[in-house]
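In the two complexes below, chain A is the common chain; its partner is chain B in one and chain C in the other.
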Partner chain A sequence: MGGKVLLANVDIPGIRGFDTYRAHGGYIAVEKALREMTATEVSLEVHKSGLRGRGGAGFPTGLKWSFLDRKSDKPRYLVCNADESEPGTFKDRYLMHHLPHLLLEGLIISSYALGVETCYIYIRGEFKYLVGVLEKAIKEAYQHGFLGERILGTGFSLKIYVHPGAGAYICGEETALLESLEGKRGNPRIKPPFPAFKGLYGCPTVVNNVETLAAVGPIINMGGEAYAKIGRGRSTGTKLISACGHINNPGVYEIEMGLPVEDFIYAPRYCGGIANDKLLKAVIPGGSSVPILPADLILNTAQGEQRLMTFESLAEGDFESGTMLGSGGFIVLDEDACIVRNTLNLTRFYRHESCGQCSPCREGTGWMEKVLHRIEHGEGKMSDIDLLVRVAKNIEGNTICPLGDAAAWPVASAIRHFRREFVYHVKFPEVVKNIDHGAIQSDTELLIPDSGTGIKYW
Partner chain B sequence: MIKVTIDNIPVEVEDGTTILQAARKIGGKVVPPAMCYYTNLKGSGGKCRTCLVKVAQSSVKDPRPMAKLVASCSTPVQDGMVVQNLTSPEVVEARKGVVEFLLLNHPLDCPVCDQAGECDLQDLSFGYGMEETATEEERREFPVKDIGENIQLHMNRCILCYRCVYVADQLTDKRLHGILYRGDVSEISTFISNSVTNDFSGNMIDVCPVGALTDKTFRFKSRVWFLKPMNAHRSCSTCTGKVTAWMFGNEIYRVTGRKDRFGEVEEFICNECRYEKKTLNDWEIEGPRRIKRQSVISANHYEEMKKQSVIKPIEGLMEPPE
Partner chain C sequence: MEHNNIINHPQFVKEGKQVSFKPETLKKVQDLMKRYPEGRQKSALLPVLHIAQEELGGYLSVDVMDYVASLLGLQPIEVYEVATFYSMFYLDKMGKYVIEVCQTGPCALSGGEQILAHLQEMLEIMPGETTSDGIFTLKTVECLGSCGTAPVLQVNTDFHEKLTPGKVDKLLEDLREYAKHDKSDDSTWVEKFC
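Here is the complex of A and B:
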């Protein structure tokens, strides 16, 4: 299976069990790292690979590891962030479900590199069925001497625990996660201090996403430099994309970074085009928090360059005309989708998930939801649209954690790119009350012409 | 010592000081309003976002500005840091936004609220808020609750600053009080309707910046501006016994901790002093206590009230420190 790094073996029957996994090259990376490499060498390979965090922010993993306070005499912790609750993102679930041992390999090698002896997997509460899958895999790893005391006869020991959350999106934010893991209310902490210095129980801690850590095994196997050759520019390697919405083939795909967005949407081996022969209207490419882009801007940048699936290309144009790769939750909306309703839905989510600690997010998310609810239900005013823009602006950047931004961006970008649709809702309340799809597709004046790429879209 | 500049005024402070504390050292207009931070409560701050300031230069070593506005109460200063409070239009705008958020669900029932006249939210909205309200949404409502014999909770007025939670956590031995639920339906509550009875629980009333937690022994007795705040003390085995007695003629209407010019109590007092000692015989009266509030009182003298707006960046001092 060309180009696949994480999911290369996912189709092999029984790969979830230790024996099959081992028979297909499993745990060779652990052996290599622990027997042939020093901790520093492992970190160096990860650094060379150019691996960037897959949890949303894209922070270079090697750099993050280098911040870990190694002078402290306290124990260090590695925490695997498996809280995956962002609407549209379901790649970690897939990975853990099918390849639990790949994750464990990554955890063992990373712990070795970081000098960690206790590692936690903080898993979303709703993924209860995966707790058993992971615990079974952990048990198998203990039985075969890859976990526990003095692994492979080296001086390195490691324990891994699985800790389910209680169903709060905010516990995916790394410091809220640590609070929750400590048994407290999952409120994000005020930073600094960063977890690298004061994390779990006040000890130096690294928090990484499931996919990030799962990539560490393959990186050790192939070498950091080889991994860095996959992908494009500073977006190295492959990325799991969970595609959903109005497409023919929803699912989880592993793509090489640098794949054109257009190919990802239309190629039969990926999304396979828009379902029911409809036209593409908009895409939210990185999980619900990232700005929505209309069809023309997601396929090509404002400068007319083809948009690629990389951190850089998707961000091209900043907030004016760009978006973000985020966590890779790729949500596709067809011509019938109602942007106002979609935005309302997302805002409702953020309001529900705000921890309520800081005033802009606690009050602002609720306010935006109420205003959007009015507009969607034909009771909006023209001034409401600018009000939304203002509220979003007052939240953005002024909060403790990025959930505030995550709530503000969808609203701000929807209005930036689809203002006419909001205006339509205000102007024709009777029409929007009686239909449950995108309100203005019948208004020919508002159609965006085919830009000549050969693909018809709105 | 570390040198920082706030609104063009230089000040020297110790390493580890926060921007807010450095500004308080200067005093006057450069001090950002703080609704959740409380010096004596460990871990407090960072939540209300009224104290946001702009860092135009991070330090001597790293002269870049910080990307976002930062909470001055929880950001430590660095050598050579340049901070803008009222000299930054961005800060004034953001603060306006925060005030608007804090008032969004506030019932504005000042006419029937015991806190009126000594309420940080009144001062804040007067000093930094907007003239009109943009919201037409319904405000959220909670029933009024008693939490213990002497404290009444009006959750509608609460701004979720968490100060009372830190009091419960740090001053009382059994914590029965905390925050339930999340987001904009969060509420202050006690563990399965338990009463809050610990010796120091009454301090929640003093730290509460609004009228969410009020003293039931003082309920509807008088508007605070009709009372004279007097420093008083007694020998007490539980606390230092140093309080402010609020008097009308020779009667003591209520007893609170002594608040400094930033509205923070100097020493926490015990419940016996607060609720049970209300006659002149109980106290040695020292003399009147000067109270500076924008909104109202200072022993019946209204202090100058002024709307804060952006100050043009000027050379030198903006205003002599207090």
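Here is the complex of A and C:
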């Protein structure tokens, strides 16, 4: 089993179906919670487990649940965030693909704890095939009496619906997600009010990530305290890491929190080292939004301590020399990767995905892309590098939702740690032009429409 | 987002064509609307637009959007503003197979750009264009949540992963063959919802 909690049974043939899942201990947690525990006791176990949100922010789940407005006489909702669009992240897809019933168990127990009678799974539309997988699992759960009216003969009733998005990264942000679920454009809302008070349809709502909710069943099975013993310090339990980029074994791995980053990158059972016997250059460990770190700083902190896969250790050194665990989208770059090019690509992504509500984000992402494009194509000026730093600084913290920060951090950290590469691009434009960086592919992307300010970027 | 300027959009003309779902589909759409509380039927908009796009011509013409608006009891503008926001909704006529190539960071690190270049060469079109026989439309998209099997593309939301130029050639060959037999998607949105 190797310390696996979520994926312990993932290799069992047929585990996706109800019967096999049930034969291997499935839905025992639901029975235990609904028959033997009160809603408050369930919440308490989750609290004790120290579980923190797996969607990116790492907010304690028990605490989030405790904020839910229980005085309101409106219905309450639980919304499962299955939008998974953060570049480098593909763990929720893996989980839903292999273990849809594990997610359903988590949804049932969590809804019971929160007093929710209707739950929506908001899944990105590109995962159309998974809509079928989840719907089938839900149907099975109804057939076996784990969903619907008076589940297991208790007074608790629950309906779960799958709701597909339609292609918009911003809809992963919880308030944009709620807007989208209401059938609108995915524009993030100004907080407060927080969803715990005014969420879906203005009702008290909890939004949690797929992996967070999937952990609730195992927590009820083993008990919160036992779960809290796994992991390290305030990073309890296990975490799914989706590893990609220049490594030998890309894929989804369940690790115990606290595993040294070095082991994760080089151990044969995980990433298995850098592909083609190249050297490690940099890692973006938590999805594309978190700061990039060069090899020396991802393996060891600036103080020379071994870096561990925990929320705290990865953040050690703050923005000077640290990064974040984020969503666990672990992107590895080898010695030949061009940092400028990679930064340009990600900035293009954020510009494309900005919902356009706040000017620092809307204009800033386009501006950074333009400047990065210039540098990458051997047309940059030395002053452009500090210009980028300034623009990034002006976006950070000045926007309605964290997408602004998510766009600023990759640029700021790339320049902080790889300034030489930017300088090189400016100093040797002929060399940069001649290296096969590959042409900018999507020429349509260059035809950015006038953003309404009279500034045309290209 | 997709900053499509709908007013200036060449396709944004009402042709006044009568469109409607088949009775079975209409039944499914009505079931979907019941998933949301009374008075919140607007919530069904994204799923219904997916179905409409798939079953009523492969893109969201104004007539289709107006029809969806009438089904859900919405003002047409409520549908237009949503249709223009999300990248999976198409406002133009598309090829039979829409090839959507991921161009985001992790895929780019693993050869995604070469795959796109290869497709451009083989199909002799640029992203955003449709082949003259109407079989293929090429598009670039952002991270498809499949970075561990990069480079990746989707054909009408079916995943094709760990691509090489050779695999792309085979895929195009297969699709051309399917097109002859008018074989479309493996499964439809309507079938997904139980």
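Quick note on the criterion: the second predicted complex is superposed on the first by the 435 of 458 C-alpha atoms of A that agree within 3 Å, B and C clash if a C-alpha of one lies under 4 Å from a C-alpha of the other, contacts with A are read in each partner's own complex, and residues count from 1 in each chain.
We take it that a contact is a pair of C-beta atoms (placed from the backbone, for glycine too) under 8 Å apart; a residue touches a chain by one contact, two chains touch by 3 or more.
The structure presented is a predicted model; accordingly, all values stated were derived computationally and were not measured.
When the two structures are aligned on the shared chain, A:352 is found in touch with chain B and with chain C. Of the two partner chains, chain B is the only one that A:360 touches; chain C does not reach it.
Comparing chain B with chain C, the partner in contact with more residues of chain A is C.
Chain A residues 168, 170, 185, 352-356 lie at the interface with chain B in one structure and with chain C in the other.
Residues of chain A touching chain C in their complex: 75, 84-90, 92-93, 118, 124-129, 131-132, 135-136, 138-139, 161-170, 180-186, 201, 242-246, 250-252, 288, 329, 331, 333, 337, 341-342, 345-346, 349, 352-356, 438-439, 441-445, 448-449, 451. Of all residues in chain A, those touching chain B in their complex are 168, 170, 185, 190, 192, 351-360, 362-367, 370-371, 387, 390, 393-394, 397-400. Of all residues in chain B, those touching chain A in their complex are 45-50, 52, 68-69, 71, 74, 76, 94, 97-98, 100-102, 104-105, 134-135, 137, 159-160, 162, 178-179, 181-186. Chain contact summary for the complex, chain C toward chain A: residues 1, 3, 5, 35, 37, 40, 42-47, 49-50, 72, 78, 81-82, 85-89, 103-106, 108-110, 113-114, 116-117, 120, 126-128, 140-150, 154, 157-159, 187, 189, 191-194.
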